[in-house]
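Read from first to last, the chains carry the letters A, B, C and D; within each, the first residue is number 1.
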Amino acid sequence: MDAKRRYTLALSCPDRVGIVAAVSTFLASHNGWIVEASHHADHGSARFFMRQEILAESLFFDLPELRRLFAPIAAQFGMDWRVTDSAVKHRIVLMVSREDHCLDDLLYRWRAQEFGFDVACVISNHESLRGFVEWHGIPYHHVPVTPEKKPQAFSEVLRLFEQYRGDTLVLARYMQILPPQVCLALPGRIVNIHHSFLPSFAGARPYHQAYARGVKLIGATCHYVTADLDAGPIIEQDTVRVDHGDFVEDLVRYGKDIEKAVLARGLRYHVEGRVLLDANKTVVFR
Amino acid sequence: MDAKRRYTLALSCPDRVGIVAAVSTFLASHNGWIVEASHHADHGSARFFMRQEILAESLFFDLPELRRLFAPIAAQFGMDWRVTDSAVKHRIVLMVSREDHCLDDLLYRWRAQEFGFDVACVISNHESLRGFVEWHGIPYHHVPVTPEKKPQAFSEVLRLFEQYRGDTLVLARYMQILPPQVCLALPGRIVNIHHSFLPSFAGARPYHQAYARGVKLIGATCHYVTADLDAGPIIEQDTVRVDHGDFVEDLVRYGKDIEKAVLARGLRYHVEGRVLLDANKTVVFR
Amino acid sequence: MDAKRRYTLALSCPDRVGIVAAVSTFLASHNGWIVEASHHADHGSARFFMRQEILAESLFFDLPELRRLFAPIAAQFGMDWRVTDSAVKHRIVLMVSREDHCLDDLLYRWRAQEFGFDVACVISNHESLRGFVEWHGIPYHHVPVTPEKKPQAFSEVLRLFEQYRGDTLVLARYMQILPPQVCLALPGRIVNIHHSFLPSFAGARPYHQAYARGVKLIGATCHYVTADLDAGPIIEQDTVRVDHGDFVEDLVRYGKDIEKAVLARGLRYHVEGRVLLDANKTVVFR
Amino acid sequence: MDAKRRYTLALSCPDRVGIVAAVSTFLASHNGWIVEASHHADHGSARFFMRQEILAESLFFDLPELRRLFAPIAAQFGMDWRVTDSAVKHRIVLMVSREDHCLDDLLYRWRAQEFGFDVACVISNHESLRGFVEWHGIPYHHVPVTPEKKPQAFSEVLRLFEQYRGDTLVLARYMQILPPQVCLALPGRIVNIHHSFLPSFAGARPYHQAYARGVKLIGATCHYVTADLDAGPIIEQDTVRVDHGDFVEDLVRYGKDIEKAVLARGLRYHVEGRVLLDANKTVVFR
């Protein structure tokens, strides 16, 4: 058995005395060796959040049995919960348009196996990146989006997501607005990178907006997509300094590096089960 | 004569060939030793910006003569220009309410003589900080602001600013909105610290807004005050990382340190003549 | 009873299955409401580290009883442990020389009650800062240090530390090397701020060393003092960008702000029981 | 003619009155439109540094004539100088071992034409990265390095550098120490990325050293290679926060992102003629 294999339990429930005791006593009683543990109690929502990484081989049983045995505790505390297995890779469906810096960055991290994901396929509204993607042995689907055929195009996107058994849809600088049918079909499962420090400069051409306002830092935001444009729960953000000598093209260039970094970090947190939703905010156990 | 004494020439004018040549030839012909020089050409506004620090003792004449001799060149190129003398300290009138972290920080920098300013007086709409200010030997004026007496209060502020021969009015967490009469009376001479990364979270209670939105970084903005609330030219900004475990009170606490740092840096740039206005943006020669 | 009063349990012990279960079951059985919890298992040293903040009023008993009841569990797991009470302020004895930026910063944070400490007294080898310290109502002791009287001087320092019932000795830019007698008398209880990013530029005049090497960032390090100069466990560090235009005096000026920030953060972690020693390294539960 | 084509003049000389006047008057007299200008006077070495970007089409003549006309001024002031042409791409010879993150990053920036360089060829002491490099249409040379054949191997490296008319040799995580014959043959023309914040953790396995010391930030350094290992002039550095929960493998992972960013920035500065040597330090006109 893989000595590094881990089961990750992530849960949230109404806060009260005894949650940690119940979960840790359950795990200890089955010899579960906790490798990493994180807790958070949100004072506003009065909810409790927990994530535990357990060494798989320390347990006396397998994952289905773990789920079966834990279910009564989860029911007792009213938990939203899931257990994932580090031996099973997270399947990502990548959407891109013409800008390829985030695509290149994620494909590199996939080749280097920096964290546990596979790129199931790439979907684009352009043909231009086919060669680079297919060099990696990854399927590439060109789904054009025109105003009149937008509903059909996004039905095809959802069909491909199903066909490739995607876990998460990642918008790596995909320059089309997803219609509500897609947003609502995959709640908490669509990750976007927006090229501004939200809530500043939502919508189109954020670097032009930033240049016009004369800000001294620009940023990027990785967030879950909801039907409300650029207003979903934020997973990760970062900023970089610019100055009066930088034109819009310079902002775009600096921005690319921040976008790549923020998307890669945000996606890793998501894939590793470190992100829990708390209404329109996130708990991120880094 | 003070070997470190410097004259600082700061100017802007329509961009064209020959500006640097004209200014540097003028200075060289009078033996001017340039200690620091910065240029910027704005492609959008087609204006040119320049700042030169000259060793005072290297010139054959004094400051009034420098101004007299430079005036024809300035006229030829249509320059907005000023020359300041490092031997003359910049006079600041500080406005505060109850929060004292920026006040404490600036008074420390004044005691330590970190850069060339004097605090002419402190004006507050509360009495609470009188003791600490007066310990420094700095006059403290209590000017209460009530809805019905707001015009009179701000007339008094302007009168004090005149009486103390202020160069710049600094709002160091002064929690009242300045009326247009004050904003318009002192264009480019009122410096504010806003406790958010503008343009996000303008207006009241920005830390509460940031907490509600679930951003992963908070920030502060030092800007010139105009009649348009929180929309004046930005001088300096910075951000700091927060996470789900931080409540509003934690954001306030981290924010204080960012506010202090951003105001101190922005004010130093302003006092040292490093900030030139370019419509609603700034050129900052750091 | 104070609704915000908390008991903080911090412990470390050899790692094994069941530690979290034992501690959390103990707390839950006495109705302990956990406000904040952090764990860490160090793979190298095979030790486990834990910190729990419990709402004081949620327990059925007081602090001495908590300690009495927990002792058998601590013994069973071979724990190093302590419980502190947020209602009892941490007593700091501050040592300074002539540089006053860290002193000013910490006294401001004390006035603002940013975290739970009191300044029991200030000890300096100079008289220069007496006025500012005494304005705060804090005792100031001038203990001169001369090469021939160094042992006596530091005996006096230890005596004052005892007399004022100090919990921690903080070297806020105290420019004398503590003799082994002091370092060994207060293990893990002396906090220093060093004005470089250790291990670079240990020893004297680090900004001059940094300038000579031409580094592009400078830093500061908050660490515990051991008998081995500038080599004790690191609590907190940070860096700031400099460039070729910055002279040594500029590095000193930028450095002051980093020193203040790093010492304040490191000291807060220490005072709040967030720092646990792991051989010559620290676990910091931020 | 290309409206964006620029000539870049970079020079250093002993500091004195009149340098800027002479250069800017020369340029203005030939209608030279200065797009970007930077100056620096080093107080220690008493040298003056200058960089000017001139719009090529604004001049009345071509590059050889510009060089011919400027030579007498350069001679008068004893200048080290060069003029480069943005229409001529800088030719880089990349050296790598097995780690490919910096290689991948630079090839992406080359594909995206982020700044003006071409990758003339890649040289490696391993075969493993041939496929990815050749997919780009870039020649790949495997030059094995064994202890007994090290001199021959590096003669071959120098021969390839000549054959491909390289301007700069870039060590993109090349894990062999260059022999003095190479270092001395290409002064100021070899750029390395070192995976620590120098001068901390020079030499082998810097992330292991950093982990053992327990630092709270790790970094990377881009520098010119001299015969003195990891001690050449520093071009660019950066740091990233780590904590007690990060093992060596985590430091390696975070470090990759910093290494990529620092090498890309440092190389851009170098390629754009923004880096001037000042003894063992650099002036970097960003």
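Everything that follows uses one rule, which is that contacts are C-beta pairs under 8 Å (C-beta built on N, C-alpha and C of every residue); 3 or more make two chains touch, one makes a residue touch a chain.
Since the model is a prediction, treat every value here as computed from it, not as a measurement.
Average the CA atoms of each chain to get its centre, and name the chain whose centre is farthest from that of chain D.
The chain farthest from chain D, judged by C-alpha centres, is C.
Go through B-C and A-C and name the pair with more C-beta contacts between its chains.
By the number of C-beta pairs in contact, the winner is A-C.
With touch defined as above, tell me whether chain A and chain D contact each other through largely the same residue numbers, more than half shared, or through different ones.
Mostly same residues: over half of the interface numbers shared.
What is the distance, in whole Å, between the centres of chain A and chain C, each centre taken as the mean of its C-alpha atoms?
37
Could you tell me which residues belong to chain B and also touch two or more other chains?
36, 245
How about chain A: which of its residues touch chain B in the complex?
By the definition above, chain A touches chain B via 40, 42-43, 197-201, 213-217, 219, 233-239, 243-245, 247, 278, 280-284, 286.
If we count contacts the way the header does, which residues on chain A are in touch with chain C in the complex?
Against chain C, the touching part of chain A is residues 17-18, 20-22, 24-25, 27-29, 31-37, 39, 41, 58.
What part of chain D is in contact with chain A in the complex they form?
Contact set of chain D toward chain A: 36, 100-101, 104-105, 108, 112, 114, 135, 245, 253, 257, 261, 264.
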